[in-house]
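In the two assemblies presented below, subunit A is common to both, partnered first by subunit B and then by subunit C.
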Partner chain A sequence: MPAPSSEFPAQNQAPGSDYFPEADLLESGSMATELVGPGGIADGQVRELEALHILDPDQVGSGAIKKRLGLGFWIASGWVAFITLLAILAPVLPLESPSKVSSCIKYPILSTCTKAGVDTFHVLGTDSLGRDTLSRIIWGARVSLSVGLIAIVFGLIVGGIIGLIAGFYKGRLEGLLMGSMDVLLAFPALLLALAIITFTNNRSILVISLAIGIVSIAPIARLVRASTLMFGEREFVLASRTLGASNSRIISREIFPNVVLPVLSFAIIGVAVAIVAEGGLAFLGLSVAPPTPTWGGMINEGRNVLETDPQIALIPSAVLFLTVLMLNFAGDRVREYFDVKEGGL
Partner chain B sequence: MSRKVITGSATGAPDAGTELLKVVDLKTHFRTERGTVRAVDGVSLSLAQGRTLGVVGESGSGKTILSRSIMGLLPSRNVVRDGHIFYEGSDIVGYSQNDMRRVWGSEMAMVFQDPMTSLNPVMKIGRQITESLIHHLSMDKNEATETALALLQSVGIPEPQQRLEEYPHQLSGGMRQRVTIAIALACGPKILFADEPTTALDVTVQAQILNLLQKQQTERHMAMILVTHDLGVVAGRTDDIAVMYAGKIVEQAPTSVLFDKMKMPYTEALVSSIPKLANPSHTRLAIISGRPPDLVNPPRGCNFGPRCNYVQDKCREEEPPLVAAETPGHFYRCWFPVDTPEGKDALARNLAATKASGAATSSTTSPDPALATATAKEN
Partner chain C sequence: MRFVRKKLISLFFVLLAVTALSFFMLRLLPGDTARVVCGISCDEAGYQQTRADLGLNDPVPVQYVRWLGKTLTGDMGISARNKQPVSEAIKERLPVTLELLIYSQLIALGVAIPLGLIAAQRAGGIFDRVSTTVAFGLLSIPSFVVAILLILIFAVNLGWFPSVGYVKFSEDPLENLHDLFLPALTLAVAEMAVYMRLLRTDLISTLQEDYITMAKAKGITSRRVLLRHAFRPSTFSLVTVAGLNFGRLIGGAFIVEVIFAINGIGRYIVDGILGRDYIPVQGGVVVVAVAYVLINFAIDLLYAVIDPRIRHARAIV
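Our next item is the complex of A and B:
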């Protein structure tokens, strides 16, 4: 036995010592061996350890790796911001009116149309009625983006409230609320929106947004309810209750701020879905009435000349595709970002 | 099921000050698909102002449920709460959630086990403290911030001004527990429930937190119920100890009396399972073999019987009542108490039985051969 007898007193080995592999431990040079080595831990070391404990919070603060959203996120949100900015500034930009019909029909990209001695440069060409495609894309962005946003905000408010109430109060109320959400989910989404638009016989941006928004209520309510259930079980909710917080206070101050993060990142993706849905409705000719341009409407108009002049349908498709892709990407990154933060807590 | 019920005989030390909390025959049962879980089954205790009661037991003994049940924090669905809880003379068992909200925070508060989960991760420390101040004591924002600052200082958090603006994840575990204590103390509760306040913490921080709790308790003249599985934690810091097993108090006594003259074999087994510094390295730890009983179908007779070194036929038939020992304030539940002629006799008989049955197993390595028998009988 290489061990000095002071560390392993003889009486310890007396009762059938086969289950204590001291010899192996000592030869392995493991931490355990070092800790019980001659002298053990000095008093000063203990104090040092304690000092480290007191310093701990600062170390956590500076030592933590800063989470980053990454370049991809900034490119994605840059694109979305760019489109949004163009849409907002559309009335003051030096653009032709999106509904101005001319004789320069189906001009290709980067072409100049000369008529009555005036040169008009069309960056993205013109459509089959001679309207400037760039202008229509930018004006169309107003419809697409506002429908996407309004629909999701509406879905967030209604679905969020339903989800919070169902997840917090549980019981029969939850059964009723989530049951009706299931009914809503069972409807084919596009058909439901179609029905709403057809029956209201009103094709304003608001009605179209609400039609799509209603469809988005159920998935949002489900997500919010799931998060609420999870956070509702956490001890800080109970802790808040022991301090005398009322139910409404617990929902608004404790649960809501926690639920809102994952739900908001989902909502970004939801905007993309709503934009696609609007495109779908427009393609069916059920979105905002012409001549107001919408991306889906432009794709629909280009469909007839797809073989001869594919750019008329492809340009709005590409813009729609890019915007939806970038929104999805940004939403995904935001969700990951907050997920990581949750994991670290 | 006709089980013997012992009604409110157990009280704290008789020389205590004004009685703040008196729990009489509290039962908390959960209705589950498997049957009724008797998590708390007829517990009586009392607590005077400025005193500390330690509630000790294994996991699953019902100690956490007891503290939450007293505070009325259990969900109402599928939970049956029966008995009386007198807080300053009025029975709070019948209180509605709204009534309890006046009690929570300003009368009773709780420190939870895991500071990781008992703080809201997305709210700044400062707001978490000031919320209840503004809400309960109707302070304005500045006043509340001042108070929060003082609170953080009093629980020993360095640079409190800076901490107010930080989120929980920026603090270490020990610091977070200090924050939860500060939050619990914010409205000046008269009773503080500390539910395993140090279990989730580093050993080096545990003592600091316990000292902090004790200091705050003395300064504020609060009563405290310290729930823990660690007898070492309660030994030097409580006035009375209640040992819980299977939802019942099996022994209750003033702290020094409990450690000196324990009557209940379970208490003895708990004490002997504490690792002792004086022991040489690699000494095998004493354990209580087996598991806590199933609270849906508790064993006949004494609940601890199947794991007890002193177990006799009588223990398997009849449940022992809670009886008073010679020291005032000392109660226990045992037919063959430790250090009495009957108890010694029972232990000796069990030892002899083990020897007689051959004890072919490696009983020489076991600190107590009778433990092996207890396990064998359980199976």
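Our next item is the complex of A and C:
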């Protein structure tokens, strides 16, 4: 496989592109800054995650060192896999219904509620309506994970196609496509997602995912375009063209495989951003309508009883935090892993 | 100059697109737009009035131009719920949000700069490693979780700060800063992690420059080298990102304003959405989006002024 550059591509402006090079210099940071999360918190993390590792003194010039994904990566992946498995298996797990209201309200962790001679054991307690927290966490994971995944897959497909076309064909088409990406980026991320959900007046998982996915199109398109520009100038593309390959073949067989790796590692972090975004919307009461449990919604409900029963808000907070942290960590490791490999070639 | 002209042209088109999108949002509403906009308690007279206000009988481009003209002259319509003019409400609320954003940036920079300096001084040392880990963790906490934790610790348990409500800045500036500390800190938490890492990274690369070696060779203390020689040239990306983050923070402000019951523009929009009061939402969206575009534009220009390489990028390519 041809060697990709270890530089993050947004900074490499291939000659011959009509799309403002100044803008790229300026916005090398904003790609990440604007892979947004409503919630505003996760937005800058990609940029930050880059900053965490580039120019680390013990890594400078150490491209030859063989890197591994490391134990941490497997722990992180394990957690994500575990949550995913629980979410998938939710209907067959021996759980109480997440919307079943009982008279045992605000029960603490590991408590047994006895009602009419029947003991119900609540591993993580109940919320202020007596609904089993563990069950709600697991059912809530279905929403969070589906939204995270659908949003990013949507962003990857649309953003990826736009980026590939813009980076490959250049010229006016590129100007037009990237110009419209600028317009998308001109909206603060949360605002755009909020507006889509509000004005379509539809709160299904699909609409929420697409609203968040639309926000992720522009940063992904930029990243893909920058990589495409870079690879478009390489010898193997020239060689392929000399052999008579068509444009579509060059894009799908030569450029796409090179572009896809950096974008996929970016996508893992993107899933985390989308999950936070959904959490933020749910927290504002603008995600999937109740009684469907969502992590953000659970945290919001727990906010009202923070003084007396903080665990009701803290348990979903901890699960959300762990999931986001693990996804960020795994994404970061994957990116670093490929970067170093690239640098070593 | 060519750079500025090009940026201005692109600014014009982006503004056009942003306002057009804000305008068409209202048309996306399912059902009869005037009926929905008019609200739940809408009678026939109110409905006809709304229809006339929106000018729904005209062609869409005409509607857009008229709406744009009205918006530019400060007429953004009237809230269906409390009949307050939208522009008036925004005028009241914008300064509150602005104060919150500036306050949080100051907190973030105030924490990040000293920590970044210490971390960079001994890159790879214990402090550096711990702060890297902590920064990574901080970035993974969603703002609403940060807010919950801060309220639990500082408002509920310690009782140092109020969990909701605040005194206006004009009434008692000190009390206002005290009341707004938790919301500002909530926004600042993720920012400080970003800033610290940025500053650290830039400082480490600056410290490898020849002139730093030269300064050290002359026997200047490392503290002085760090503060006097390395710090300023290393703040470049920090300044840029801090500027760009103003726009990003607006998103965070939505959630923080709702949690801490602050009457800023974010809460105004969210309240509008929840109350199905769409004219205020549209007004709020267009003001925030245009402000965001303008801030980013200003930073682009500023960036070019600071760094001549960008001004002359065309010539180099």
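The rule is simple: the second predicted complex is superposed on the first by the 278 of 345 C-alpha atoms of A that agree within 3 Å, B and C clash if a C-alpha of one lies under 4 Å from a C-alpha of the other, contacts with A are read in each partner's own complex, and residues count from 1 in each chain.
The working rule: a contact is a pair of C-beta atoms (placed from the backbone, for glycine too) under 8 Å apart; a residue touches a chain by one contact, two chains touch by 3 or more.
From a predicted model like this one, the values you see are computed outputs, not experimental measurements.
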{"item": "First, second, both or neither for A:313, with subunit B first and subunit C second", "value": "second"}
{"item": "Per-residue contact with subunit A, leading partner among subunit C and subunit B", "value": "C"}
{"item": "Which of subunit B and subunit C A:253 touches, first, second, both or neither", "value": "first"}
{"item": "First, second, both or neither for A:242, with subunit B first and subunit C second", "value": "first"}
{"item": "First, second, both or neither for A:71, with subunit B first and subunit C second", "value": "neither"}
{"item": "Which of subunit B and subunit C A:171 touches, first, second, both or neither", "value": "first"}
{"item": "Overlap of subunit C and subunit B interfaces on subunit A (superposed complexes)", "value": "15, 20, 22, 36, 49, 54, 56-57"}
{"item": "List of subunit B residues in touch with subunit A within their complex", "value": "71, 73, 77, 97, 101-106, 108-110, 112-114, 116-123, 131-132, 135-136, 158, 163, 166, 168-172, 174-175, 180, 183-184, 186-187, 202, 204-205, 280-283, 362, 364-365"}
{"item": "Of all residues in subunit C, those that touch subunit A in their complex", "value": "3, 6-7, 10, 13-14, 17-18, 21-22, 25-26, 28-30, 123-124, 132, 135-137, 139-146, 148-149, 151-152, 156, 187, 189-191, 193-194, 197-198, 200-201, 204-205, 237, 240-241, 244-245, 247-255, 258-259, 269-270, 273-274, 278, 281, 285, 288-289, 292-293, 296, 300, 303-304, 309-310, 313-314, 317"}
{"item": "Subunit C-facing residues of subunit A, complex", "value": "13, 15, 20-23, 25-26, 29-30, 33-34, 36-45, 47-49, 51-52, 54-58, 179-180, 182-183, 186-191, 194-195, 198-201, 272, 276, 279-280, 283-286, 296, 299-300, 302-303, 306-307, 310, 313-314, 317, 320-321, 324-325, 328-329, 332"}
{"item": "Subunit A residues touching subunit B - in the complex, by the definition given at the top", "value": "7-9, 11-12, 15-16, 19-20, 22, 36, 49-50, 53-54, 56-57, 60-61, 171, 234-236, 238-247, 249, 253-254, 257-258, 261, 341-342, 344-345"}
